[in-house]
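Before anything else, here's the structure in question.
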Amino acid sequence: MLKKLINDPFDAVDEMLEGYVDAHAGIVRLAAPRVIGRAVPAGPKVGLVVGGGSGHEPAFLGYVGPGVADAAAIGNVFAAPGADICLDAIRAASSGRGVLLAYGNYAGDVLNFDLASELAAAEGITCRTIRITDDVASAPPGHGELRRGIAGLSFVFKVAGAAAERGDDLDEVVRLAERANAACASIGVALAACEVPGAGRPTFELGADELEVGMGIHGEPGLQRGKLEPADAVVERMVGAILVDQEARRVAPGEIALLVNGLGATAYLDLYIVYRAARRRLEAAGWTVSRSFVGEYVTSLEMAGASITIMSLDDELLALLDAPARTARLSI
Amino acid sequence: MSRTLRDAILAACADLEAAREALCLLDATSGDGDHGVTMAIAARGVRAKLAQLPADEPEGVVRAAALGMAGAGGTIGAVYARGLLAVAARLHEAESEMPTVALLASAVYRAAIATGGLGAQPGDKTILDALQPLAAALADAAAANLSMPETLARADAAARQGADATADMVARVGRSARFAERSRGTIDPGAASLAIIVHALVTSALRPAGPD
Amino acid sequence: MLKKLINDPFDAVDEMLEGYVDAHAGIVRLAAPRVIGRAVPAGPKVGLVVGGGSGHEPAFLGYVGPGVADAAAIGNVFAAPGADICLDAIRAASSGRGVLLAYGNYAGDVLNFDLASELAAAEGITCRTIRITDDVASAPPGHGELRRGIAGLSFVFKVAGAAAERGDDLDEVVRLAERANAACASIGVALAACEVPGAGRPTFELGADELEVGMGIHGEPGLQRGKLEPADAVVERMVGAILVDQEARRVAPGEIALLVNGLGATAYLDLYIVYRAARRRLEAAGWTVSRSFVGEYVTSLEMAGASITIMSLDDELLALLDAPARTARLSI
Amino acid sequence: MSRTLRDAILAACADLEAAREALCLLDATSGDGDHGVTMAIAARGVRAKLAQLPADEPEGVVRAAALGMAGAGGTIGAVYARGLLAVAARLHEAESEMPTVALLASAVYRAAIATGGLGAQPGDKTILDALQPLAAALADAAAANLSMPETLARADAAARQGADATADMVARVGRSARFAERSRGTIDPGAASLAIIVHALVTSALRPAGPD
């Protein structure tokens, strides 16, 4: 059993939320049970709802605030929020110009958000959906719609949020969110497992000298399990997989934002070494890194490891990425 | 039977909670390791909804269970909620509150249909691979005019066998989709939890009524 | 051996720094080997130099930038920077109005910064020093000057940096830094060890169900080793120790900033649960939490655990804490 | 001797590197676990400084070693640098480059004085508890007019015994200060590294000169 600083596992999510809204009262409030809304609701504008299971903090609650999301629907650990929570989040985010639901492409999230979207329609709230699919390890090229969402979530949230904030209409926010999603490619590597509170044991086991390239943010299996290697070699495999995918999708080297995301237990020392290796590898392949993010953006509880995300940039996406934001996670 | 139904559901909740770590372990082999926790949270939710329920008519009890399951979220909360709401709808249509084998078979058949439309096919190693054999066993029992006790015993066995058979399957949908071969040899957690629930319900229903 | 995403352990710090300056080129530059300076040096103003061993990221480099420090002197992992590095940092931070050296009170840092301060004086740069001593577990009340510095570093850096940024003179910056340091009290708890790259094994061992209250950010021994307990009970012990110290120092309950700092491997889920418990406990004792920080501020590589810091606030300190800052770690 | 001094220092560097994990383990028991790594980094630094050094006169070699140690940072880098700079200063004052027992004793005595002013007292379980017996042994040897080989052998033994004796002490300064009783039973890492260095220097000096 991994050691945690929690109380009853069944209370963990609610206690976290209590702490969260107290700590960031200037930015957020508890809009409904399991729904984080902005302290000062914005609008009229397109609403942005983000959400998913807990255990990925600062996703999803850390993206609620001016410039990004209007509300986050919070599920149990690694479990999608129920449709009632999703519906409450939609209500909290709605100011009459429609709502975009942005979440990672997981069966549970799809089922619950889809149902909520139908229920919202019955209340007169138009919802659109973007399912984020940046994890190149989760399905081969050509099957992009089967892919999972990992740290690319934060880029898509930022782009969609900035578009909504400046007053774009729902079609336009959807278009930009889809562009951002299509522009993202990510891959993770896990070094050590996390544990769902109450599960009694870690989600998976890795040998003392093993890692797994391509593992998902809930411990979903990856592309290859192998021996722990120096960071440069691990990054070579990771960026290699991203570049193979870019090629398969006929994306030519260009300007990108580069995100190195810690999964939970990995030190900044390591993350910056990974960043350095990834940047060198990408630059050697002809890419230009013009925006960089290093830190914890979409975690997997206390999993050890990191993910690398690139987002291809053009003026449109860059402007949205650079637009001001004041959430607990993103302050730009 | 409706007082019995509430008791039976409570018994199933207790069995799910007892199986928490075992179900997590199954999910860890081929998914994200949370299934037992999600089902335990669901059990709490169902118990809370039932506690709020004044009356004991079956449709209301099933609907409350559906809401309790939905509250747990996740894939499985949505799947169970959909299935149970289909059962409740069928009960609503029923002319009598008397449980018959035919009504039971029809209700579970509806649940199988309702949850079959969520992206999984039979053989994909999901809860459907326990639910569909269960529905089939009930349909067969109804056609053969079996007694309720005999029907329930067959239902129990069908769900269990369906769950066990998922061990030979390879996961193709949901979070375990990419596990492919790695998932072979382990029972699907969703199928396992359904078998636990069915067993608890059947055992409770077959238990001779005693003093309250 | 703990798993890390690094290359040769001897290259880890330099590779991290390479990554860091590339990732945050808009904010920082490598002013000298092992010295992070601002991308655009400021001044004339009092310079603020921070620094210490590596492995505590985002300290110290994450505090360099407008509103906080002018330069950071970066040592090897858990080893103070050599005097030559400290001197280079002083030079990078100096714009003619004197330089404040702010660091945690550790023997190695004292020796090296003191020497550098003498060498700087010979070059005509006046240096003053604040040794940060917020860890109440590291020496009993009445021996404050023996205490170590932990996450309170970030509060002292912020206050001193804001004072320097608005143009206060060196005496005034020193006075405010000393006030901030005196206003801080912290305590940590460790759940699992970190490992110095190249050491071959973790720095300490804790049983599978053990924790240590009061452990320092390099694994220095704490107050009590005990069984892992629910977060509320652990926090009770931690805040209890802080409050005993406040009483011994005759500090009456008042307005505070509350910081819950992750040591490296502990999930946000846990950190917010710790925050919730700490806040409740403090409020119950009559304190008012008016500013909150939850996240990783001063880490210990991949150590699992957290620390709690309070800083007593008055209008003077609050204004400095709230002043704008744009560093990689602090964006206010 | 100065060519020999460079070789001797390089031998000490190699021995420190070989002891990396062992020294970290000592430091882990009563400190922050980095001492072996810091000394290994210092060894690299010393080697680099020596490589840049054109001439081989002892003062310059010692000064280069001091800078190499300083570059490693940490408590120990500063302590060694201060001690070695004191040695270099004494060599600078020396009239001849010929190493005598008296000069050696005097130089090490200066190092002991220079590093004694950093907050630690004898018995505080630090490097001083190996360095001061070493200085005393050299002073005794000088007073007794012992030969250089005999002196070096006694110096080696004194440093080793001093280091070993720290096992019975309780740490009072530096990062291990609060370990108090927990530190008893383990040799101080700084004292251990000094003993390793002295042993390497002595062994190298006593080795009969061979062809280059």
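Chains: A, B, C and D, in written order; residue numbering restarts at 1 for each.
Quick note on the criterion: a residue touches a chain if its C-beta (ideal position, glycine included) is under 8 Å from a C-beta of that chain, and two chains touch if they have at least 3 such contacts.
Just so it is clear, the structure is predicted and the values come from calculations on it, not from any experiment.
Note on connectivity: the fewest chain-to-chain touch steps from chain B to chain C number 2.
Centroids of chain C and chain D (each the mean of its C-alpha atoms) stand 32 Å apart.
Rounded to whole angstrom, the centroid-to-centroid distance between chain B and chain D, based on C-alpha atoms, equals 73 Å.
With centres taken as mean Cα positions, chain D sits 53 Å from chain A. For chain A, residues touching at least two other chains, in rising order: 77, 197. Taken residue by residue, chain B touches two or more other chains at no position, since every residue touches fewer. Because contacts link the chains only in sequence, without closing, their graph is best described as a line. Taken together, the chain D residues at the contact with chain C in this complex read 20-21, 24-25, 28, 31-34, 36-38, 40-41, 44, 70-79, 81, 118-119, 173-179, 182. For chain C in complex with chain D, the touching residues are 9-10, 53, 75-85, 106-108, 111-112, 115, 138-139, 146, 195-204, 216, 218-222.
Partner chain A is touched in their complex by these residues of chain C: 1, 3-8, 12-13, 15-20, 22-24, 54-55, 57-58, 77, 189, 191-192, 194, 197, 208-209, 211, 228, 230-232, 234, 264-276, 279, 289, 292-294, 296, 299, 301-302, 304-306, 331-332.
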